[in-house]
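If you scroll down you'll find the structure; I have some questions about it.
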Amino acid sequence: MNERYQKGIEVMREHLGPDADQYVESIREVSPLFARVNVEFAFGDIYGDKSNVLNPKIQELITLSALTVMGNAAPQLKLHIHCALNEGVTKEEIVETITQMIAYCGFPAATNAIMIAKEVFKERGLL
Amino acid sequence: MNERYQKGIEVMREHLGPDADQYVESIREVSPLFARVNVEFAFGDIYGDKSNVLNPKIQELITLSALTVMGNAAPQLKLHIHCALNEGVTKEEIVETITQMIAYCGFPAATNAIMIAKEVFKERGLL
Amino acid sequence: MNERYQKGIEVMREHLGPDADQYVESIREVSPLFARVNVEFAFGDIYGDKSNVLNPKIQELITLSALTVMGNAAPQLKLHIHCALNEGVTKEEIVETITQMIAYCGFPAATNAIMIAKEVFKERGLL
Amino acid sequence: MNERYQKGIEVMREHLGPDADQYVESIREVSPLFARVNVEFAFGDIYGDKSNVLNPKIQELITLSALTVMGNAAPQLKLHIHCALNEGVTKEEIVETITQMIAYCGFPAATNAIMIAKEVFKERGLL
Amino acid sequence: MNERYQKGIEVMREHLGPDADQYVESIREVSPLFARVNVEFAFGDIYGDKSNVLNPKIQELITLSALTVMGNAAPQLKLHIHCALNEGVTKEEIVETITQMIAYCGFPAATNAIMIAKEVFKERGLL
Amino acid sequence: MNERYQKGIEVMREHLGPDADQYVESIREVSPLFARVNVEFAFGDIYGDKSNVLNPKIQELITLSALTVMGNAAPQLKLHIHCALNEGVTKEEIVETITQMIAYCGFPAATNAIMIAKEVFKERGLL
């Protein structure tokens, strides 16, 4: 296991929590390269770059707004609402982020996102 | 001018700076309703809601990531990079927000966004 | 309950039928602001503007084509096929609207839309 | 020239006006197949199907809302605003169609569309 | 049954295998025109054009990358992974095509695609 | 310069030709991290992975179809049409790839792509 992978999986575990390793494993079963770059590039190079100035809470908020407007990333949005809560983002900040996106993606994508948030909040006993 | 419009245009001026009124006017020439809801809904109801917990800097960062991944909103991305700088977001925070989006929208949309940021930074003498 | 909300919920009930109130309530549980602007902005300001020249049937047809090509709004497309039928749009007009969209969004999004229409028609005993 | 092509080019000329033939020719220079199916399929099979129940005005309105929300079809949106006007759709109906789309695609795509409409209206002396 | 339909359904059966006819029938129940152009245009005019230089394997690979990045076409992506395997594309080529797309559409759409591939490979006993 | 970067820039030069270094430099001026991962990840990890089974011609064809359907990546589509020609893909294969995409993304995105191809072919004296 190289250094980039090691840094990447540590950053990934911080954001995703204990499910990180299983998440990677489930991709590795079909594509070892895909699994490797998901760890090394997304979390090692990007989320974990040593020059970064945004803290993990803001990293998660800008990801939530992006996944909301994309509108075709329900599993990833659900995952990152968990990540955001893991990093200390509040329920109110998540709801407000999604609500602000109505102005950029309209009601359909924003409504689907707010319903996913509702589902996660219920799973975690926050609603 | 009703109360919602008044609140909206004030919030809009804070984000967009002195160009806010001309921006609205340019839309009003073709659609008074469109111009009105742009002020009253987007800035009055959403950006300016009294229950909001996100500060204007974070409001702009989550908008920047969203406009980056949408990939079809170049004029609005340019406008909101100006807004972000107006609200005190740093060049480094903007660049990092766009760079993080490579993981969510791939290189084409992120590259187009980083080039728009470069252009705005040059216009404002920041690069 | 202010005047905009009152107008919005009336227009919304006309389009959605008896499910309108429950729809709004389900959003309000996670975000009162989101629920409020869905009623006041989307239905009060937009669908219900007093200057409108398009009738409710045409309002629903242009929404159906938009939701079809967006391709990521299955629940909203299903809802608006119901709305269209509620407003007197015929099955043939709905099918033709979706079919015309093949030229603008290709077969995948159009096929997913036509299958949702088929499902709604069966639910309502129209097929 | 077969029968489908003949029907297609006639329907296309009705919608696009005198520019139809040049439009097709400009595509044919790079791909004869692309040019042929644009006429035979889009206008012959779809817009011109003998079972159609929507009139040309409504055909253009549902296309305008679709092109607005797609947000990446500026040349086609411009072309179809001309088509809509050619078919007797009014300026007010076009503006209202685009404005309604704010609710489905947010402000960026809708703003870009309303600005294209403004440009076409000015070209034709309607604004 | 005209000549274009006949050619189209033959090409379609080659790609989709024995499910082709049932697929068309399921669309015809709601829209005969939609079903007809799916066969005549998509498979007769496009996949089956006599001037084509790309072989069916490459036709399927370029469709797989397109459906991956679109991110809103899960049923069609599943169908075309079957088509690709039917045409002799290997599991490794499919996985590599989807993995390459991370660079163009980011992780969410590519992850959803790789998971659909995993599911199809398991159904066919390839994993 | 590390090994991944070295491999990446070599693969990138093979695809892009002599403009590769200037392309990277133009991004590095605004974001060194963005420029670095564009080389190391996109070309080093993905295009240049030692386990790859697709040859450079097919790598470019699947990228062309993806960029066509995305519809918001005009500069990248232009760049990759050059890459495809650099790798020995023929004009006919490029045109057919884009034309096939009509079935998946509709006419607007496909038309914009075919016009970009036409422009590149003219620049290179192929049309």
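In order of appearance the chains are A, B, C, D, E and F, and numbering begins at 1 in each one.
The rule is simple: a contact is a pair of C-beta atoms (placed from the backbone, for glycine too) under 8 Å apart; a residue touches a chain by one contact, two chains touch by 3 or more.
Just so you know, these numbers come straight off a predicted model, no measurement behind them.
Q: Centre to centre, using CA atoms, which chain is the farthest one from subunit C?
A: Measuring from the centre of subunit C, the most distant chain centre belongs to F.
Q: Report which of A-E and A-F is connected by more C-beta pairs in contact.
A: Between A-E and A-F, the larger count of C-beta pairs in contact belongs to A-E.
Q: Using mean CA coordinates as chain centres, what's the gap between subunit B and subunit F in Å?
A: Each chain's C-alpha centroid was found; their separation is 30 Å.
Q: Could you please state the distance in Å, as a whole number, between where the Cα atoms of subunit C are centred and where those of subunit F are centred?
A: 39
Q: Using the touch rule from the top of the page, what residues of subunit C touch 2 or more other chains?
A: 33, 37, 41-42, 46, 67, 69-73, 76, 96, 99, 101-105, 107-108
Q: Taking the complex as given, what residues does subunit D use to touch subunit B?
A: Against subunit B, subunit D makes touches at 71-72, 95-96, 98-99, 102, 107-112, 114-115, 117-118, 121, 127.
Q: What does subunit A use to touch subunit D in their complex?
A: 69, 101-108
Q: Any idea which subunit E residues touch subunit D in the complex?
A: For this pair, the touching residues of subunit E are 33, 37, 40-41, 45-46, 49, 51.
Q: Give every residue of subunit C touching subunit A within the complex, in rising order.
A: Listed in rising order, the residues of subunit C that touch subunit A are 26-27, 29-31, 33-34, 37-38, 42, 67, 70-73, 75-76.
Q: Quick one: which bits of subunit D touch subunit C in the complex? Just the residue numbers, please.
A: 41-42, 46-47, 52-54, 58-59, 61-70, 73, 76, 90, 92-93, 96-97, 99-105
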